[in-house]
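Heads up, there are several structures right after this.
Shared between the two complexes below is subunit A, which pairs with subunit B and subunit C, respectively.
After this line comes the complex of A and B, so read on.
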């Protein structure tokens, strides 16, 4: 049981990385981004391209930080991937959502457009890589560490948790300390007031997409390190990240973080009673219960 | 290919497009007239197909009972399958509407998406329910003893078109009634509809249930056409996304547009198969993804440049008032 909770925290930190971006986009750009899961998939595959094709091609040596399953190649690929998916998110906004915003299309039309974008991203990945399951480093034995309370955990999983927490702290500092971060919080609080005070909301929106896309990409890569890559992985994260977002109240970054952990732990603990394939349904059931009991989420006002 | 081969191909194409047209009509009630964002059509598709299959097939007996498991098998005529599919889908819609219809419009979207995925998981995992991933087979086809099996599709085409016309007329009648006017009022401005004393939640619920029942009939017609269903059929791509593209292409808020959109997009979908056949051999296995990519791009183009679709919403008031 303790072991499942620990696994849930690892999964939860990945869900949180997706949910934080989703909740920011939801509040600042103002619609439910159904392509957010696909940003995670895109991140996982961009990193795959960098570590298995680009870096070997320029002759970058292969290395491995024993006992972790990756080395310098992944360390270099990680920030580049986050930047690339951040650009992808901004690009999607410029090509699709910005035009719909200026046409005064409703939030539902934007959400539908993002659903279309999610299929476009997934199909592109399927065309390039096909539908197989892929490992970053195939054929590697990944022994687990034995911790007290009978917990078996792989070093990779400890790294995943630490990396996610590190990114959340960075985001926290960005929002509290920088001018852009403060402007973003102001826009999230009240868009009209932000406009009046001379904040360039279009710039804020681009930054929001960049952060959302970057964090989702990080989540995707970390999931790839933990489990494996599959074109449907982001789609399977969509319900959990929406559940985490709603649980933590839409627009609340710290709520999304906690929501992510709650959903992750619930999904892993459920495998003690249910078939593991039902993890998605568990996240969905929690979401339905929140909608019935407290639709504004745990941090929402009445 | 000789003439009869082409003709039977066109007939099979027309049947599938007709079944998709019924889904579009159901979605049009929800989205086109009420503004409900249901992205879990695949779930109703799945439930409709399985319900009708189990109502019309007998319980497996003898040696079959060891290989095929299903929770019930009533062996009733085809028409009971259609009705049962509609009723069960209506109940599912009621259950999904209760937690979501009082909230913002995208909550329904997330919830319907979730229910569709959950339904597919349940049918995939629960062997006792409807034979798990292998699914059910040999659904009876009405009037199959009238003609030889290779000509049966002509009869099924007529059945599909009759079902489509009856549903079309029922929706047209409902939409032109005071009930339909309330739905459109809710879509345009919920606040003012509410101030006119309309119970928004109730009307939205009725629209969601009505549309989902139509989708259930679509699912049932699909099951008896293909005579074999399994959970892998009811994916978000084939079960939800393509239907949205059809409705947006044809024109939401227009029942003729919904039918037209289904035929046009199904035509494009089938047509792209002929194009991808010319691709180099290595790309052949990826051809379905290329075709879906095209459909996805098509949706974005429609949303950006022609949001009213091919036909646009039909005027329901006097032509003299603009």
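After this line comes the complex of A and C, so read on.
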């Protein structure tokens, strides 16, 4: 049981990375981005490309930080991947969402077009890499640490949790300390007043996409390190990240973080009673219950 | 000398339906100008049009001798015009200090002096600088909103209903602050429901009805004008 909770926290930190971006985009750009899961998938596969093709091609040595399952190649690939998916998110905004925004299309139109974008990204990945499950490093034994309370955990999983928390702290400092971060919060508060104050809100929107895409990419790479890669992985994350976002009150990034952990733990603990196939159904059930009981989420006001 | 000039401006939100019709107005350097008139006369629309939130369909707006009609709001802000909207005029989840910092967003230079000036004008904001603006009373919010606008060191300040929704004791203190701000050389246009009070503190006034100029004169003259008194000042 304790072990399942620990695994839930690991899964929850990945869900949180997706949910934070989703909630920020919802708050500032104003619609539910159904392509957000695909930013996670895109991240996982961009990192795969860098780790298994690009870096070997330029002759970058393979290494491994024992007992972790990855080495310098992944350390280099990680930030590059975040940057690449951040650009992908900005690009999706510029060629698709911005046009709809300037036409003052409704939130439903934007959400549906994001559903289309999600298919395009997923199918592109499917065409390039195929539908097999892939590991960053195939055939590797994954040693487990034995912790008290009978918890077995892989060093990779500890790394995943730490990396996610590190990124959240970075985001927190960005929002609280930097001029652009404060302007982003101001825009989230009141877009019209931000415009009156002289804040270029289109630039803020680009930053929001970049951060959302970058964090989602990080989540996708971390999931790839923990489990494996598959073109449908991000799509399968969509319900958990929506559940986490709604649970933590839409628009609240700290709520999304907490929501991510709650959903992650609930999903893992449920495997003690239900077949693991029902994990998604668990997230979906929680989402429905919140929507019925407290639609504004745990941090929302009446 | 004229600092802001609105020349025969027509504007509106919906295509082919104008709220402002051929409207003209002038603000001289150092003046407080009140714009009064019934609901729906286009008073707020006039401020939005000056600030570039709405494009004039006809006519021109000049700041000194420069044509600013149709420029984007942040461009107009850079040229020295600040605007305080009537409602939702603070960032509620940001602290008072962060609200003021946002006011200086487009300034590249050091603005600590300006922030001190704002704190001198509104000492209560300094005490509560780390409180969220959303927790403040209506009067204090109005101070934050005005402080935010002053962070740009504007030449012209556009105030939309600064007394709206405030308790009577706050109304007079906000009006006192407006006079203090004006004394530092900031010209102003004030749109007010509270027409009598607004005219008392301003140099000149414009009476609008259905988006057109009805009358403009020195404030004293408007206050003394029987018809204005009967129609717009409540007897």
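We adopt the following convention: the second predicted complex is superposed on the first by the 302 of 302 C-alpha atoms of A that agree within 3 Å, B and C clash if a C-alpha of one lies under 4 Å from a C-alpha of the other, contacts with A are read in each partner's own complex, and residues count from 1 in each chain.
The rule is simple: a residue touches a chain if its C-beta (ideal position, glycine included) is under 8 Å from a C-beta of that chain, and two chains touch if they have at least 3 such contacts.
None of the values given here were measured: they were computed from a predicted structure.
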Put subunit B and subunit C onto subunit A via the superposition and say whether they clash or fit.
fit
In the superposed arrangement, which partner chain does A:108 touch: subunit B (first), subunit C (second), both, or neither?
first
Per the contact definition in the header, classify A:124: touching subunit B only (first), subunit C only (second), both, or neither.
first
Should A:5 be classified as contacting the first partner (subunit B), the second (subunit C), both, or neither?
neither
In the overlaid three-chain picture, which partner chain does A:87 touch, first (subunit B) or second (subunit C), both, or neither?
neither
For A:238, decide between first (touching subunit B), second (touching subunit C), both and neither.
first
Tell me which partner A:189 touches in the superposition: subunit B (first), subunit C (second), both or neither.
second
For subunit B relative to subunit C post-fit, closest CA-CA distance rounded to the angstrom comes to 16
Touching residues of subunit C toward subunit A in the complex: what are they?
51, 53, 73-74, 77-78, 83, 85, 88-94, 98, 101-103, 105-106, 148, 152
In the complex, subunit B residues that touch subunit A:
35, 37, 39, 98-100, 102-103, 105-107, 109-111, 113-115, 117-118, 121-122, 124-125, 236-237, 241, 244, 248, 285-286, 289-290, 292-293, 295-297, 299-300, 303-304, 307
Which bits of subunit A are touching subunit B when the two form their complex?
31-32, 34, 96, 99-100, 103, 105, 107-109, 111-113, 115-117, 119-120, 123-124, 126-127, 130, 235, 238-239, 242, 246, 275, 277-278, 280-281, 283-284, 287-288, 291-292, 295
Sites on subunit A touched by subunit C in the complex:
179, 182-183, 185-186, 188-190, 192-200
